[in-house]
Amino acid sequence: MEELKMRKIGIIGLGHVGATIAYTLVTKGIADELVIIDTNDDKTTAEEYDLRDTLARLDTFTKIIPQDYDSLSNADVVITAFGNIDSIKMDGDRFGELNFNTAAVEEVAANLKTSGFNGVLINISNPCDVVTTLLQQQTGLSKAQVFGTGTFLDTARMQRAVGQALHEDPKNVSGYVLGEHGESQYTAWSTVEVKGHPITKLAEEKGLDLTSFDQQARRGGWLVFSGKHYTCYAIATCAIKLAQAVLSDARLACPTSVYLEEYGHYIGYPAVVGRKGIIEVNSISLPIEEKAQLDNSAKIIKEKLNK
Amino acid sequence: MEELKMRKIGIIGLGHVGATIAYTLVTKGIADELVIIDTNDDKTTAEEYDLRDTLARLDTFTKIIPQDYDSLSNADVVITAFGNIDSIKMDGDRFGELNFNTAAVEEVAANLKTSGFNGVLINISNPCDVVTTLLQQQTGLSKAQVFGTGTFLDTARMQRAVGQALHEDPKNVSGYVLGEHGESQYTAWSTVEVKGHPITKLAEEKGLDLTSFDQQARRGGWLVFSGKHYTCYAIATCAIKLAQAVLSDARLACPTSVYLEEYGHYIGYPAVVGRKGIIEVNSISLPIEEKAQLDNSAKIIKEKLNK
Amino acid sequence: MEELKMRKIGIIGLGHVGATIAYTLVTKGIADELVIIDTNDDKTTAEEYDLRDTLARLDTFTKIIPQDYDSLSNADVVITAFGNIDSIKMDGDRFGELNFNTAAVEEVAANLKTSGFNGVLINISNPCDVVTTLLQQQTGLSKAQVFGTGTFLDTARMQRAVGQALHEDPKNVSGYVLGEHGESQYTAWSTVEVKGHPITKLAEEKGLDLTSFDQQARRGGWLVFSGKHYTCYAIATCAIKLAQAVLSDARLACPTSVYLEEYGHYIGYPAVVGRKGIIEVNSISLPIEEKAQLDNSAKIIKEKLNK
Amino acid sequence: MEELKMRKIGIIGLGHVGATIAYTLVTKGIADELVIIDTNDDKTTAEEYDLRDTLARLDTFTKIIPQDYDSLSNADVVITAFGNIDSIKMDGDRFGELNFNTAAVEEVAANLKTSGFNGVLINISNPCDVVTTLLQQQTGLSKAQVFGTGTFLDTARMQRAVGQALHEDPKNVSGYVLGEHGESQYTAWSTVEVKGHPITKLAEEKGLDLTSFDQQARRGGWLVFSGKHYTCYAIATCAIKLAQAVLSDARLACPTSVYLEEYGHYIGYPAVVGRKGIIEVNSISLPIEEKAQLDNSAKIIKEKLNK
């Protein structure tokens, strides 16, 4: 009997986000094998044992494999969450991590290539759209196989902000935040509905200030960041939902950081996620002014890419 | 129609442990209402929003209620996880937090009393046995209603250490670590079995060094602590398993920090956990030398209580 | 310490649907206390023991309480799933069970009233809209506290049919089947979107035959029924999702059998479900022909009510 | 990018047990791909659609593949649950299905062989130990790759019976029912402990009648059978726990129907279950009279095998 494959997930970067993802994959029994990798050996050992010590209290089992790129050769999904939180200034720009992470991309991509990894790569590292673009270029994986969490998180925050204002479950709010996972992101209000009703109509009727919701989505992370010096739970939850869609070929329709031919790089836009990564870009018709916002956001990503 | 009660859990103290518990109760849909309380308002707001931002991506719903002791009046369970991690010295003694937490107990107990809380209180704050004893005294809740995580965590670490050495799932290892959740704890090897076989017999046959496993259970936390400066996942998992046993009246048999008449304070010992807290102390016959170790550990807890 | 309430759910009627719901609530650890009631004592005992025998293999605990209406006095939710499957003719009309179930309603409603039950009642028994109307009238519970699964199931079938034809996850299909949970139901195509795109537009572009999807939603149950002589999994899944929305006050927006003032009885229509049952009727603007279909369906329910 | 494997499970036989397993694997999101096979095409289509109709209401996705033996070539686990419930007489002997199932084994084994299936085969079909023995012989899979649920279910029933009598969670009861999954099974009381205390000692102290518990384990299935004409929930739960242990290489220690060299066939005995099936037979020392009971039970299985 040959060695049969199990559900194997790798996490590269064990800061608060990577560690939270590792913990969640173990505590929910989602991963059968979990490869955890970080530049800090002691930190990795610490996370390894904090996770192993949970196993006697869980009904599921996960094999924890520390610091082993080779083991990623047959992984289903790798999630990149490297970064240097200390390099983020409180000016609210996720590009603070750019220099640090550009260097990290080269190392991670080279290691992934050497490992023979050929699954789906989900990037969280910031600036998300830039790093995702670089990871795709440098790993040699296809554009379908690589994508970023992008505005999937910002959309969740917009759903929360709108839901909170209207006393609704965030899941009753549909629609998209598009563009850069960064300051130039924007809510495409033409796509947003609350329980099936266009929000633009509700806004008129109830005198809602949509720009404040947009601001809450954009600045939501900084509210969290300023109180705890990092954010982890919402972003981890987004990444895991995407990973599960890959594992079960769920064809999840959602905004992510996806490669658009039109711009020549990754950017937050609706897509469909399945076993092979991005199954489909879900093209939508945007009003002229919302399309202009997307173009503008793409331009900003491009500029940073060119640095 | 009167307001019907929901599953309500409170967490007091939002350090890494408390925040991890909050996240887990939300991401697994265990709590319907979650009250989160910390001395730091900004930290509480940050956790509140990092959790709210997950809701659009989860299939379950939890209402997050920040900084509201009054709301605990009809809570089912409160978990105390306050502490000052910076006061822990790397000398490996959980009593480093004693002075800080003794003061915190007074405030927390007074606030709980005022709130009218009458559910089950599960304490994690260290030194666990001392703080649990003080919380019971000062809240006026019954000895059944209050207990600590105690050696439930250390037992998980012993199971992990033995399992790792013998290539076994930790759940195939049964038995107890007893006494103080601290340096004087010990594994009661007479109670430990591996897949139904007494470990003392296996140790003879295979030449196992049980003292090294005992050491790994005792020092396991410090391995994690030294790499990440705190521990959170295993302790959170233990606390949640205890909370679930309370919520569903599961009659879970396990070691916890429980009040023993013989010593007049809380100490790690086998018990049964259900809807009313400690349903039963599960008295076991220990060999003379293991009973002596328990007496010794109790003496150490007593001394610290008397300070 | 007073007896603290646990999550308690009652099921009345242990045919395939009721038993599947009972099993799911136990195997997923959703209910802490589960009251199961049926007119057949032996069947109830059989289900009780088949469920109790799972407990040694599950990580959660549920207390099973057989044949005890009194115990429903403090239940959170009761699900009615009584019926006489043998009375359904293969003519595809759920009204086959009408005479049988009208008699059952009287008994069940009287028993619920005597028990003092004051939670939320979710009815599955067919004809769903008629039985739900009668249960509300005879239990004396408010119109918010009582609702039926109605077209929540038919909508799931429409989503499946559309998803299957377009190679989409059913969850990428939004919108409503409205009206009677029966032959006069219809898909309100004006409300249906696929990944945010109106299906009417897709239908034009791709030459889709929407009437066949509508037929598949309506006849979907009979495909299942003709192969296994009952349906259980999809309806149980719908009922449980509604029950969970009640338990956690989730404000779930979905079509259910809800009381509409305009018609004076229950009918499948969009609503919002929370801790108190129907929190809100989600009024939507329908094109004239879709509104006429709703009126027609209401008329048919009314006629059967008047019998 | 090559087609990456997903968690694939096959179920052969869609009676109440097989269908319940299929439903559970879908509703808990355990299987990514689920192959369902039955001799009755209409029944299979009915189950397929009853399951597909759940997908719009679940947070997970499972691909349902009906009637496709070829698709099992890369399945991780196949569960056999074929049988003819009508051939079981109420005399309480699971051997009633022997003739029917012997014929079925030949067909199933031949089809599995042709498919190229090389994963782990978990058999439920009765008489379990006989059918498991035949399936191993006829599929050509190794003795590790094939095992049966055997007394894993009867042990759960013994735990329930003892737990019920002593007001304990069944999980507080450890130990084994051994031998045939049939009338000659027996509880090895020397192995049974309640919260760590040997039950033989408790029985003396409290005057417990252990033979009645033994009887309840053995006859437990018939109590359920007589009320609902089949049993499904407990056996499905057992089979799924075993399948999950295989999928995650959990090294679950438990009694199953396992091949013992000593007897030359399968029989209920302690083992360890992991990714390759039976990782290890967990040999235990039994008192002379309990060993004699095992020998006797093996003799009975042997006789039926020789028919």
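Each chain carries a letter (A, B, C and D) given by its place in the written order, and its residues are counted from 1.
The definition used in the following text is that a residue touches a chain if its C-beta (ideal position, glycine included) is under 8 Å from a C-beta of that chain, and two chains touch if they have at least 3 such contacts.
Fair warning: this is a prediction, and the values are worked out from it, not measured in the lab.
Steps from subunit B to subunit C, minimised over paths through touching chains, total 1.
When you average the Cα atoms of each chain and compare centres, the chain farthest from subunit D turns out to be A. Copies subunit A and subunit D of the same chain sequence form an interface built mainly from equivalent positions, shared numbers / all numbers used being over half. Annotation: 33 Å between the Cα-based centres of subunit A and subunit B. Centre-to-centre separation of subunit A and subunit D, using mean CA positions: 41 Å. Averaged C-alpha coordinates put the centre of subunit A at 36 Å from the centre of subunit C.
The set of subunit B residues that touch two or more partner chains comprises 61, 169, 171, 250-251. Within the complex formed with subunit D, the subunit B residues making contact are 59, 167-169, 171-172, 174-175, 191, 195-197, 250-253, 270, 272, 282, 284. Interface residues of subunit A facing subunit B in the complex, by the touch rule stated above, are 19-20, 23-24, 26-28, 40, 42-47, 49-58, 61, 153, 155-157, 159-160, 163-164, 169-171, 173, 220, 223-228, 231-234, 237-238, 241.
Those residues of subunit C lying in contact with subunit B across their complex are 1-7, 29, 32, 60-63, 76, 118-119, 141-142, 144-145, 244-245, 247-251, 275-276.
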